[in-house]
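Order of writing sets the chain letters: A, B, C, D and E. Residues in each chain are counted from 1.
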Amino acid sequence: MTPRVEEILGGYGGDNPGTLTNLSRLLNHGRLAGTGKLVILPVDQGFEHGPARSFAPNPPAYDPRYHFELAIEAGCNAYAAPLGFLEAGARAFAGEIPLILKVNDDDVLLTDKDPDQALTASVQDALRLGCCAIGFTIYPGSAHQLQMFGQLRAYAEEAKRNGLAVVVWSYPRGAGLTKDGETAIDVIGYAVQIAAQLGAHIIKVKLPTAHIEQDAARAVYEAQHIPIATQTERVRHVLQCGFAGRRIVIFSGGAAVFDDETLLDEIRAIHAGGGFGSILGRNSFQRSKPAALKMLKAVMDIYEGAPDGGANL
Amino acid sequence: MTPRVEEILGGYGGDNPGTLTNLSRLLNHGRLAGTGKLVILPVDQGFEHGPARSFAPNPPAYDPRYHFELAIEAGCNAYAAPLGFLEAGARAFAGEIPLILKVNDDDVLLTDKDPDQALTASVQDALRLGCCAIGFTIYPGSAHQLQMFGQLRAYAEEAKRNGLAVVVWSYPRGAGLTKDGETAIDVIGYAVQIAAQLGAHIIKVKLPTAHIEQDAARAVYEAQHIPIATQTERVRHVLQCGFAGRRIVIFSGGAAVFDDETLLDEIRAIHAGGGFGSILGRNSFQRSKPAALKMLKAVMDIYEGAPDGGANL
Amino acid sequence: MTPRVEEILGGYGGDNPGTLTNLSRLLNHGRLAGTGKLVILPVDQGFEHGPARSFAPNPPAYDPRYHFELAIEAGCNAYAAPLGFLEAGARAFAGEIPLILKVNDDDVLLTDKDPDQALTASVQDALRLGCCAIGFTIYPGSAHQLQMFGQLRAYAEEAKRNGLAVVVWSYPRGAGLTKDGETAIDVIGYAVQIAAQLGAHIIKVKLPTAHIEQDAARAVYEAQHIPIATQTERVRHVLQCGFAGRRIVIFSGGAAVFDDETLLDEIRAIHAGGGFGSILGRNSFQRSKPAALKMLKAVMDIYEGAPDGGANL
Amino acid sequence: MTPRVEEILGGYGGDNPGTLTNLSRLLNHGRLAGTGKLVILPVDQGFEHGPARSFAPNPPAYDPRYHFELAIEAGCNAYAAPLGFLEAGARAFAGEIPLILKVNDDDVLLTDKDPDQALTASVQDALRLGCCAIGFTIYPGSAHQLQMFGQLRAYAEEAKRNGLAVVVWSYPRGAGLTKDGETAIDVIGYAVQIAAQLGAHIIKVKLPTAHIEQDAARAVYEAQHIPIATQTERVRHVLQCGFAGRRIVIFSGGAAVFDDETLLDEIRAIHAGGGFGSILGRNSFQRSKPAALKMLKAVMDIYEGAPDGGANL
Amino acid sequence: MTPRVEEILGGYGGDNPGTLTNLSRLLNHGRLAGTGKLVILPVDQGFEHGPARSFAPNPPAYDPRYHFELAIEAGCNAYAAPLGFLEAGARAFAGEIPLILKVNDDDVLLTDKDPDQALTASVQDALRLGCCAIGFTIYPGSAHQLQMFGQLRAYAEEAKRNGLAVVVWSYPRGAGLTKDGETAIDVIGYAVQIAAQLGAHIIKVKLPTAHIEQDAARAVYEAQHIPIATQTERVRHVLQCGFAGRRIVIFSGGAAVFDDETLLDEIRAIHAGGGFGSILGRNSFQRSKPAALKMLKAVMDIYEGAPDGGANL
């Protein structure tokens, strides 16, 4: 147990030893073990966007075994996927990589300005498959948000009672927000706070822009001169919104199509701002395995080094 | 246990021995036992379309015993039906044919652009009637889809805990789709992926056309040159969407009124594309028993032979 | 146990001995005991139409004890009523007549083009009151139909587990149907099939007319030359829709105001068509007891005799 | 046990000894003990109309202890109130007066043409507070009526299983009715019937007018010459609708502002018509305690005497 | 146990010793221990208004440990917060300050004229974190009010069974009310009554204005000459609406931006009117800790002294 992992676990005093054990499994696995940083492979795109859009660019990825192998070979901290993908490999790869069962999902065959997700797996499923955590998506700002928060509450309570960790994908979206608002700095910070108050152990958000969505928030950002001009500053502010750095906040890799340097610059900003790591889906499994391993190595290299430009929070 | 059945069961490492036992019962029964191919007789038309439309063309089919006898004599792998039909024969034919209890159904006395189904039987019903599996219909693309996915999740969890297999009828339909979209190749592939991610062991879909419904999908199909011109290619792609062939995907027999050669050509395409078999309702029970047995024999002849034109996946 | 009752019970092989015991109680009680025919007294009109409209024409009928006495004196097979009416007499008349607890009901203080019913009693209520069966109304064609089917499923499962029989009032009605369609031959046949597939042991429908409601059904009725010109033919067809006569289908007595000969002609047609009997409410309790007993005797005389004009199915 | 109480309890043969014990507690307490008549003090106005409108006319009534004392000093059969009021006195006044826990309530901060109530207490609450009965309001005629009936069903089943009695406030109201219709004789009679069929032991309604709301009912009232011209006749008819006098039907005291003679005339009519008593809220606690005691004494004097003008049913 | 605390607990005779123990913990902790007065620190603003708006004015407040420390150093009676904030400190500060777990919350990413809250924690969460009470918000006047009351009922029943106290934030709001009506004297009094009738032990409301919202209420306020001209009079009336002072009613500190003298004047009015104390969020944690401690000391000084101008109720 490194001092940094011990320090991180110190923020979760409300949890039982079972949940702390699973959190430490996530933090102490793979190449970044013990650093307090996480790189997670998530593969829910087959459900969320459809199989051809997700896997045709790299056809071996149609096979559920591929993603277990990729996560293991790359030295990721964990692999996250819906029920079917985990069921298809949990026995063959038992004990080789921490698993996160995504327990709710949506598809794009029907879309709604107020998105919602179906409950697609249970805490009991996570336990029988040997997972360390459940993953749950919420859409703050959607007309369905209150119901989703309530569902998360029930799942989180059962997960914690059974010693699992809770990872929340907090994606602001819906009638309450403009398109730009979905990644506005005030909204992303708020999305982190909501997930943290709902009891999440690990929170995944998108990287924020400098846009401010809500007038009442803008007044405060301006009055208090909160620095949000650079990506590093924004990451630092988002971490602050995550209980002053006492909740693990990780960032998604953004859209699939951009060049690697842009991606790595984002990683450097996350690292510099004190972010806990990345969750990289489409940028991992939609390229050939050698290319993916190379990219993931570059990402982990950054997280393993000292952060550019600035201390942690 | 043939090597092929063993290979197929190998894809279901997440399941307990009870469920594997029932999956192997389905794969090892009837004339196609051990081949890894399935021909299933489904009779839910009485509920879905009404009794006269379903059974008047072959009046003995009004009697629930008729379908048990037909499935047994034809050497089908299994017989699938709603609660009432199974209750009416489960004792008399106990142990003679694997049974699949259809646990949700709809009728056409009221139709909706966003279809839904009523829950009409339970996992407990399936257990007390000696069934190997439950059958559940989902309508991806309907406004009710998220709720249906959640219902399936609950049924599947209970079924798996009790050692039953889960067969999903995945029928894209509803406000999210055009009429042509219901059988579009991207949509059928997506419907298979959704069912697989929801934890289905066996997935039933319609044969796809070469139409592509979603713009975002079309871009990928074109960019990646996914071959979908022939029925065999489309079946092969659909299988790929079913976890690269690691999920049992079977195809329905289509509308009742076409000549047998068209039907058999479809079977050949399914076989050539690596499909796991067929589920033939109206084309079986709406003709006289001798004619049905002859047709089913022809279908099984195809599945027993080497596939035309092309290896498996 | 007469051969005919044994034959009828043979259609219920999916049920446990408890339920078969209660079905045989219904078939072996009263004047028609052992004949395989049933005449049941139902009194849910007080709830469904209001007390004055129901009972003022024969004021002793306001008293719940009256209906127990009428059913016993007439030699009916069973008495069916809502919770309150059964609670008011179940102890005083314990063991004297099989009881059917109606577990859902509606009133006419508020009407809806898509009717629904309230759940007004439970399976546990039926057990504590010594009933043989529960009675449940469904409205195929109503916007609420899927929910009602699901409620029936839950009630029926609990009833069967506890050894009770399930009687379904299947009344097509709602936005999916025209007024004439509610008694159309295709719709009544469909209503019987739905109830049977949902696991009903006994199904109550209205007598059908020769009208055909659904175009897709009409095509089949015409192509297959299904005989539906006479009431006897229509009854025979309805029985066929009830699993080829393997489900007990009984008919309601229609509107209260017609002369007795019309009523008795209908009974003769039901008998000739192979119907299992009648459920006669308003035509029983809205006349004086002597008149009711006389009428019920005439009805039972018909059912006890050989059917006019034609063998059973 | 007086013969009259024994006779009344004889109507409840479906109930267990626990419930009969609690019904007899209600009938055998206070000044009217053993007469078969009931005067109950209900105080749910604080919730239903607000505290100032309810208690400012007699400020001691803000204190929950006041109502216990009033009911005890007046010799009422029981005191009925929502959870908070009973919790505030149940220990101090334990055993001194039978209690009825009102388990659903509404307020007037938001009103709806289709009223509904919130579930505000449970059967378990009634048991832990030592109550004899639960009180439940239904609104026949409201768009929420079917759901309310279903809620009552569940509460009543649990109450009866635990030996409690069930008191139903049956108030016709909502989109199905005109304002006049809420107290129309046909509608009040129907409201009593519905409550009785739902299994109520005691039914509370408003005094009816001679208005007839429903056309189909009017035809019967006229054809059968049902006497409804006087209040006594209308009470008698309402009792008939309550299972021919075999269910305890009591009447509310009407609006608060009228002179006492009008109120006492109503009591005389209730008594003459065979009514089982009164439930008097605003006319009790909105005047000073001496005035209230005087009024309640006058009411009980009437119920203790022989009814004016006419035998019971 | 001081006589005043004993007197207060005397109003809760319906509760078990476990709940009384936790109520006395709240009353006997901190600087006001034993006085019968309460000053509570609530920090749900991060969820309700967003983290930057809540904590940027005093950045140490981003850290969940800060609020525990502030409440302890100030000598507050209790600290109330959502799940995440309590989980983050419950172990480190175990036993140092009574905790109230806020179990429902809302955010401002989407607002509705009829507000509602998500269920965000459970009674079981409160027990595992060592809390004395749960906190629950209701919105009387919202279209969701009946459902919220029902949720509170279920939470309160479980809390009381487990020996916890129940604190209700009763905030009138929604389609039934004007903006001014939300703090109208009749409405605030009504909000207290509703919470009390629902079984709350402690009720939090806003300070009322002299506005009267409902016509039917105005008639009574005028007829009875209820004094509501001064804040002290209004507080006294609100206490009366809380079961004549037998329920603990506390007041929130109002908007964040006003000068301290205005705030202290309000505290003096609350004290003079017999109020049980204050719950001060934004006025505490949005200033530096020394300033907050100074302000809270001034508030407690007032509550510890004799009330200005007037005896208790």
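A few remarks follow.
Here is the rule we use: contacts are C-beta pairs under 8 Å (C-beta built on N, C-alpha and C of every residue); 3 or more make two chains touch, one makes a residue touch a chain.
Quick caveat, the model's predicted, so the values are computed rather than measured.
Common neighbours of chain D and chain E: there are none. Rotation relating chain C to chain E, from a C-alpha superposition: 145°, rounded in steps of 5. Spacing of chain B relative to chain D, judged by their CA centroids, is 58 angstrom. Centre to centre, using the average C-alpha position, chain A and chain B are separated by 36 Å. Counting partner chains per residue, chain B shows two or more touched chains at no residue at all. Around the ring, proceeding from chain C in the sense that reaches chain D first, the chains are ordered C, D, E, A, B. Interface residues of chain E facing chain D in the complex, by the touch rule stated above, are 11-15, 140-143, 145-150, 153, 157, 161, 172, 174-177, 186-187, 189-190, 192-194, 196-200, 214, 216-217, 220-221, 223-224, 226, 237, 240-241, 243-244, 246-247. Contact residues on chain B toward chain C in their complex (touch as defined above): 46-47, 49-53, 56-57, 59, 62-64, 82-92, 105-111, 116-122, 124-125, 128-129.
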